[in-house]
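Across the two complexes that follow, subunit A remains constant while its partner is subunit B and subsequently subunit C.
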Partner chain A sequence: MKNLRLLGTLIAVVTLFAFANKPMNGDRLNGVWQTGNGKAKVKIEKIGTKYYGKIVWLKEPIDPATGKAKVDKNNPDAKLRTVPLKGYRVLKDFTYKNNDEWGDGTIYDPENGSTYKCVIKMKDANTLDIRGYIGVQALGRTDTWKRMKTN
Partner chain B sequence: MKNSAIAILTLFIFGSLSAQIDTLPPTQDTAAEEDFSMYENLQLADQTQDAWASTKIFDLSPQKLISVGYDWQAPYTISSGLVNPLTLPPNKYKTDYETRGNHGLRLVFNIPVISKNRLTWTVAGNYWQNSYMKIDEVGQGIGLLYENAFRNSLYRGLRTTGLASTLFVPLNATRFILAQVQADVNGDYALNDFNKHLGATKVSGAFIYGKRPHDRLQWGLGVSRTYRVGELNYIPVLFYNYTFRNRKGGIEMLFPARAAIRRTFNSRNILLFGYELEGQSYSLKQRDIQVHFPETGENNVELRRGEARIRFTYEKSISGFIWLSVQAGYRINTAFNVDNTKVFRGFTGNQPYFLQNSIGNAPYAQISINLVSP
Partner chain C sequence: MKNIFKMAVVALMLAACGQKEKNVLEINATFTKEGPFMAESPETFQFELKTEIEDFLKAKGLKADQVSAVKIISAELTTTDSAKFSSFGAATLSMMAGGDSKAKEIGVRNPIKDAGASVKMDVAQDADMKEHFKTKDKFLTLDLTPLADREKGFECKAKLTFEVETKK
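Moving on, here comes the complex of A and B:
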């Protein structure tokens, strides 16, 4: 009987620990990341229960065609075409799934104004595989992002 | 007890707030502007990581993941001359006939099996039909048995079913290797006798070593084994994609197979003008061919078809990732000869054909609906 009680307590502790640990795992996504081509840095942060990523740095911040800061000129929504790219939220609505994977989100590509479904996998503490896809993951492209030192 | 109630209430309120955040707008939601200068001089957390050359440059016409298209050519004349009837006296026979054009479906898929910074591996497949509409004899001719046999194959329709595998391997941030191998089954087959043509599968490929100095240029040099002019050849190739500094246009080229100048109206509307060499070597196995052509073994007779297509192509996103492509131009014949499979001419060979045909040039058009790649 004593043993059963001990086992029950152990299970409860482990379960609690697992639940308590889950958001911590998810928060490992937070930070500043450099995109695969090195042209941008994206800051990922948790807002509410979801993860979002915004552009915080551009290698070429000035549009050579206008001589002004780059804006989201390819956005299909005409109202957003004057919004500066710096500060633009390109990753949206990600939730932590488990096994170092975040899903249910989207990624926006300012180069062509398209928004794709997206899944993020953490390969190691400093590397993310960001896969944007259409419909099914097989129809997609993976970009590898690298973590930046922030302190 | 009171504290617990407050805690529960607080949790409830925050929980409700969290639940209300379905998504956020793309722009900043805070009144205070963030100081972006703090991100200027950040270093990589892991300095051992390398950068790799990307597969793309800015503004290239979109890669098609799935494409369903239809190709049509206007009427033209075929002038057919018997050149090498090995079992007959070496006289030349000639017959003219006219086809009311040809047309057919073009289905293509391109699946990125691996698509990462370090390696991209794409598997592609294609199925092309080329059906010849009613063919009328328009002149007197002798040796019709041969030409009739050939015409029966054209009536049956020519088909191409192919599989390709393409590897893009970046060597560092600016250099890459592009390798492709493709196997095509071309012939006068239908679904029920496709297997008979497998023995005549044509393997082509290319190997290119290239550079990508910046986001608007990638180029490379390589060699190719190709059937684009109708028969097998080995040629050097130049791979060159360039986007002008003002991003209003560029050049897309895999010379000599194709080249085009691009006008980019915006990221969802582009116009291309250029040419493409198109060609296949079709195995002909219809019964008449087997009976009437000399030296007709199982795999001995092929149609070497090659053409140059000078065209305008307009591509437009009609809904998100669905793009419409409309192409119109002029098809110039470069080869349409019936040949012995075993003959290899390269650049200098002058062996005679079984049937040497010259066909008229014709306007053509192509339309396709495409699902394009991210």
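Moving on, here comes the complex of A and C:
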């Protein structure tokens, strides 16, 4: 009986330490991340209960066709085709699931105006696997993003 | 003849069931953010929307489950800042909410810098915010891109008009 009590205490202590080292909330996702091709930096922040990622830097901010800052020219709504790409939320509506994973969100590809379902997996504190897919996760593509150091 | 009369009655009943009513909902929001702002780094201003559509509808003798669509019909920004909107390149208005609703851009003004102290935004024609208004946890965001470094913060007010379509 005494041993059982000791075992119970031990499990409680180990569990406490495990959770103390790994915060239960998903706020570790917040920060500035560079996309795999290095063409953009995306700032992820929490608004309300969900996480959103907006473009804050573009390697090529000017559209060669117009000579002006790039806009969301492929937006399905014609009225929104002047929305600037810098500041555009390409990641939307993510909620923290568990095990370093955020889901229920979408990723937008401004190159073609398509929106895909998306899951985010944090491989380590500075690396994200962003998987965009159609229908089921198996039919998708993963991009690896790196955290940018902020002052 | 009798059958034609019956068919006409049924058609009238169906038409009555499908009747829709449009109500105008006005929302005033204030967007404030402390500086400093960095040039070319988009700043997000947030406003938590406390408007409950149930209260709006109740005053008109309607219920929330009668709502078939909520669409934005106008958005106007005003500022009392001495520099007006000249410090910013563009403005984008979005709406986001908890639950299953999806964040949506609902208005844009690009460029905004020559707009003066009051500016009308181009609004999304197709965006339906019905699901957003069903949720308690909802936000409006205004993204402004500063053209130059700016020490002090910025404040502007938004007057938004939504069309709430209800069915009988």
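Of note:
The criterion applied here is as follows: the second predicted complex is superposed on the first by the 126 of 151 C-alpha atoms of A that agree within 3 Å, B and C clash if a C-alpha of one lies under 4 Å from a C-alpha of the other, contacts with A are read in each partner's own complex, and residues count from 1 in each chain.
The criterion applied here is as follows: contacts are C-beta pairs under 8 Å (C-beta built on N, C-alpha and C of every residue); 3 or more make two chains touch, one makes a residue touch a chain.
Bear in mind that the values here come from a model prediction, so they are computed numbers and not experimental data.
Subunit B and subunit C, once both complexes are superposed via subunit A, clash. With both structures placed on the common chain, the touch criterion links A:R89 to subunit B and to subunit C. Of the two partner chains, neither subunit B nor subunit C is touched by A:K46. Once the two complexes are laid over each other on the shared chain, residue contacts for A:V71 go to subunit C alone; subunit B is not touched. In the superposed model, A:V56 lies in contact with both subunit B and subunit C. Applying the stated contact rule after C-alpha superposition, one finds that A:T127 touches subunit B and leaves subunit C untouched. Legend: residue contacts after superposition of the two complexes on their common chain; A:L80 is shown touching both subunit B and subunit C.
When both complexes are aligned on chain A by C-alpha atoms, subunit A residues 47-50, 52, 54, 56, 76, 80, 83, 86-89, 92-93 touch subunit B in the first and subunit C in the second.
Only residues 32, 34, 36-39, 41, 43, 47-50, 52, 54, 56-57, 64-65, 72, 74, 76, 80, 83, 86-90, 92-93, 108-109, 111-114, 116, 125-127, 129, 131-134, 138-144, 146-150 of subunit A touch subunit B when the two sit together in their complex. Contact residues on subunit B toward subunit A in their complex (touch as defined above): 17-19, 21-28, 33-34, 36, 39-40, 42-46, 49, 51-52, 54, 58-59, 62, 65, 111-112, 115-118, 215, 245-247, 266-268, 320-321, 371, 373-374. Touching subunit A in their complex are the following residues of subunit C: 40-42, 44, 46, 48, 89-90, 92, 94, 96-98, 101-103, 105, 108, 110, 122-127, 137-139, 141, 143, 145. Residues 45, 47-50, 52, 54-56, 69, 71, 75-80, 82-84, 86-89, 92-93, 106 of subunit A are the ones that touch subunit C when the two sit in their complex.
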